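Two complexes are shown next, each including chain A; its partner changes from chain B in the first to chain C in the second.
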Partner chain A sequence: MEHLYYLGTLISVWIIVALAANLVIGYTGMMAMGQAAYLGVGAYVAAGLNVLLGVNFHLALLAALLVSGAVAAATLWPLLRIGGFYFALATLGLNFVFFDIFHNLGPRVEGSEGLHGLKLPDLFAGSGARFATTAALAALCFLACRTIVGSPLGRALRAVRDRPDALAALGKDPRRYQMLIWSVAGALTGLAGGLYAATLFYIDPTLFTLDASILVLVYIGVGGLASTWGSVLGVVLLIVFNESLRYLGLPSQYVGPLQQALYGLLLIGLMIFRRRGLVGEYDFRE
Partner chain B sequence: MTSANNGLRIDGLAMNFGGVFVFDDVTIDIPPGKVTACIGPNGAGKTTIINIVCGVFAPRAGEIFVDGVKLAGVRPFDTVRHGLCRSFQDVRIFPFLTALENILVAMPGQSGENLLGLFTPGARAQERANREKARLLLQTVALEGAAGRPAGELPFGQQKLVSLLRAVATGARVLLLDEPAAGVEIDLIPRVVDLIRALAKAEGRATFLVEHNIDLVREVADHVCVLQGGRIIASGAAEHVLGDETVIREYLGRVYNA
Partner chain C sequence: MLNLLQVFSTGLGLAGYYALVAVGFALIFATLRIFHVAHGTVFMTAGYAFFGLHRLAGLHIALAAACALAIAALVGLLIDKIIYGPVLKRGGGMFSVFIASLGVSLIFESGFLVWSKGVVSVARAELLDIFIVGDVVLRRFDFFILAIVALAYGALYLWLHRTSTGLAIRGLTDNSELSAIVGVEVAKTRNAIFLVASSLAGLAGVLTAYDTGMTPASGVQTLFIGVVAVILGGTRNILLGAIVGAAALGMLTAFAGYFFPEWISFSIFAMMIILIIFRPQGLLG
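Right, the complex of A and B next:
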């Protein structure tokens, strides 16, 4: 049961990350390949405030959300002038920059090479409570994202994705919408980072590398771009799929490589046969 | 410099791309309630005029006035704020948005496009009203049946009509239409004609039309100017310019004999 709670919590965390990534990638067409950076900022802010400064975890979570949103806005600003492929490359760079920051704070700031010993309040204390709270927050994020994508704002985001020059000709600055949604996604990802720290009890810089960013792309690629349900579905299916491999009774040294290989095959198959993912509403073909 | 005139005034525009000369001393008045067409061969710089007015390119010389107020340093997304909106020759529809959404997205001042405004009841009421307006616009070109279809799946001519309505929906007083009839199926042309007429005559918008389809120009244009070889070779009332011998020899004749 403990393990199921843990899995449910982990799934909820990644659902928030995937929802946020889908806002920018699937709905707005911004190829975000560095979401792990904002996840890391959120995790370090929440855990750092809580462990090192004794800040109440609820407040620390709120801080994680706000700081990550601000960091996302600040990091997007210089990237807005570049487009398409080069934008994607630049966001890829965010992974390395932020990993290095987390890593190199190590000798100077207590706890940055690894933080543990979170003091969690009741809502997060037991594994059951932690699951319930995290799942409730994920549900809240889900509703918020659905409200956004179903609103005039969501419509404008899709217009930015489809033809930014045409939207500009209609009197609306595409960059305003890009900035807004990137910050919102960064904030949500930061919140997920704080929750991730609570789920794992321990964080270190290796959790927030390119691997994590790629994983997010896989989740929404499988579930489907421009779909809130797709974000949920991709995370649930892949994490459950990954876990189920453990119960096949294979020798443990084979499980890891097998997971990787099957993940890879799944992705290749999907890109060949179903580029929209399971329930996606958009693909980059055109 | 110029007296306050209504509509759009393009005054002494000159342009070159690097060392490539495009045109010199282009002056066109585009008054409200009238359709002013610009014709001329490919590469004469007709679309370039629109691009300059909308802030895509900076001219070498010349000035642009909207209702007597000089436009300076506009960026493309500023134009609507100044009362101008352009359409594109190659449509540039939002393919994954429905026809209705294509029009809705163009409407100005939507509180539902702000993160905080989005959750207010006012935003919902405004959205309902906007949807109704967009539906009425589609009705004017008999496309209400396509409202819910992704615009990318519509036939080209219908996409073009939707893209014109999109420009209309911005509420701009001056419309710059770049070849609205090009590539449009022949049976849809009358709807383009009716729409352009209605915009100018019924709604009093200043309409600038760049067009190769001379039949369409004959039907809708009040004033015509001919851009050729880097200058305006004729300008004036439509029937006068289209009957002008030089124009027929230099441009129209060539088209019909081709």
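Right, the complex of A and C next:
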């Protein structure tokens, strides 16, 4: 049961990350390749405040949300002038830049590579409560994303993706929408980062490498671009599938590489056979 | 001051590897608009093949190196045929190919991880001799690398400027549609590009396995250094751009490694982002 709660919590965390990534990649067409950077910022802010300064975890989560949103805005701003493929490359570079920052400047508990020893309040204390709270937050994010994409703002986002010139002709600056949605996605990813820290009890820089960003791409790629249900579907399917690999009876050192290889195969398969994923409404056009 | 000279010579050695990887990447990127992340995989495959054939199967070192080069060339060609070809045929573009390429790189990386569990190295004493000039310690092997780079670039120059395939490649760099219209056999040229670029990456892989050793992470790492070198040098003139970019990156990594080793990847990628923002066509573009 403990383990099921843990899995449920993990799924909820990644659903939030996938929803946020889908807002920018699927709906707005901004090829974000470094979402793990914002996940890491959120995790480090929440865990750092809580472990080192004793800040209440609820407040720490709120701080994670706000700081990640601000960091996302600050890092997007210089990148607004570049488009297409180079944008993807720059965000991928950001992931490496942030990894070195976490690695060299990130706070750590003495004698370890990362942070542990979170003091969690009642809502996050037991594994059952933690699952319930995290799942509720994921549901809230889901509803928020659905509201966003169904609103005039959502229509504007799709216009940024498909017809930026038409948007500009209406006197609306596509870059304002990009900035807005990128910050919202960064904030949500940061919130997920804080929750991730609470789920794992321990964070270190290796959780936020390019591999994590690629994982996000796999999740929404499989589930479907520009689809909120797709974000949920991809995460649930892949985490459950991954979990089932453990029961194959393979030696434990092979499980990680096997998962990685499967993700690689999935990416290739998607790009060849179904670029919109299972229930997506948009595909990797370029 | 003398320390700086030492760092400089280290940088030159590194630049040699980067130059071999970067020029192949640039060749593929400039002519076919394929962002070939798995170029790093090809580099790594050659290193592991060299190790396996020489150390484990006991093949003569030169023979093992030659086989590793052939394997690298073949792997590169097959990646294009089996993966990129179908992606492009089904309407995928540059970004889709990039994602598929990441997939290839993930698969190979995990395979090597299972097989080797870490670093493999073929180092032998003969070529790793050092000699001392003034206060600077030089390695014979670094000169060997630079000689190989010079030979490879010379051969590439002749290939690009004295053969019909080379003419076709330069045509593709300038205007691929127009070249197809005037009768460049794009498919055939494409195969040649992948074979040549991959064997150059293989050459770098063999040398790296011999020198510092190969780890499952080496592929992506070296590839991105090559990418930054190519962005820095630009693709207007493939050979010149790659060698200038690689020399600069060799110096950057050597100096960063000497003064602030924990910030190497930060320096490389921060530089990449700055270049993309301000000068995506490269310094020489």
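The criterion applied here is as follows: the second predicted complex is superposed on the first by the 275 of 286 C-alpha atoms of A that agree within 3 Å, B and C clash if a C-alpha of one lies under 4 Å from a C-alpha of the other, contacts with A are read in each partner's own complex, and residues count from 1 in each chain.
One rule holds in what follows: contacts are C-beta pairs under 8 Å (C-beta built on N, C-alpha and C of every residue); 3 or more make two chains touch, one makes a residue touch a chain.
What you see is a predicted model; the values in this text were computed from it and never measured.
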item: Three-chain arrangement built on chain A, chain B and chain C clash or fit; value: fit
item: Which superposed partner A:Arg163 touches (first chain B, second chain C, both, neither); value: first
item: More chain A residues in contact - chain B or chain C; value: C
item: Which of chain B and chain C A:Arg275 touches, first, second, both or neither; value: second
item: Which superposed partner A:Val184 touches (first chain B, second chain C, both, neither); value: first
item: Touching partner for A:Leu94 - first (chain B), second (chain C), both, neither; value: second
item: Which superposed partner A:Leu258 touches (first chain B, second chain C, both, neither); value: second
item: Partner chain in contact with A:Leu267 - chain B first, chain C second, else both or neither; value: second
item: Partner chain(s) touched by A:Tyr247 [first = chain B, second = chain C, both, neither]; value: neither
item: CA minimum distance (chain B, chain C), superposed complexes, angstrom; value: 16
item: Chain C-contacting residues of chain A that also contact chain B; value: 286
item: Of all residues in chain B, those that touch chain A in their complex; value: 54, 75-81, 85-88, 92-97, 101, 104-106, 108, 110, 112-115, 118-119, 123, 127, 130, 163, 166-167, 170, 172
item: Chain A - residues contacting chain B, complex; value: 147-148, 151-153, 155-156, 158-159, 161-163, 165-174, 177, 180, 184, 226, 281-282, 286
item: List of chain C residues in touch with chain A within their complex; value: 35, 83, 86-87, 90-100, 102-107, 109-111, 113-114, 117, 220, 224, 227, 262-263, 265-266, 268-270, 272-273, 276-277, 280
item: Residues on chain A engaged by chain C in the complex (per definition of touch); value: 31, 78-79, 81-82, 85-86, 88-90, 93-94, 96-97, 99-101, 103-104, 210, 214, 217, 221, 253-254, 256-258, 260-261, 263-268, 270-273, 275, 284-286
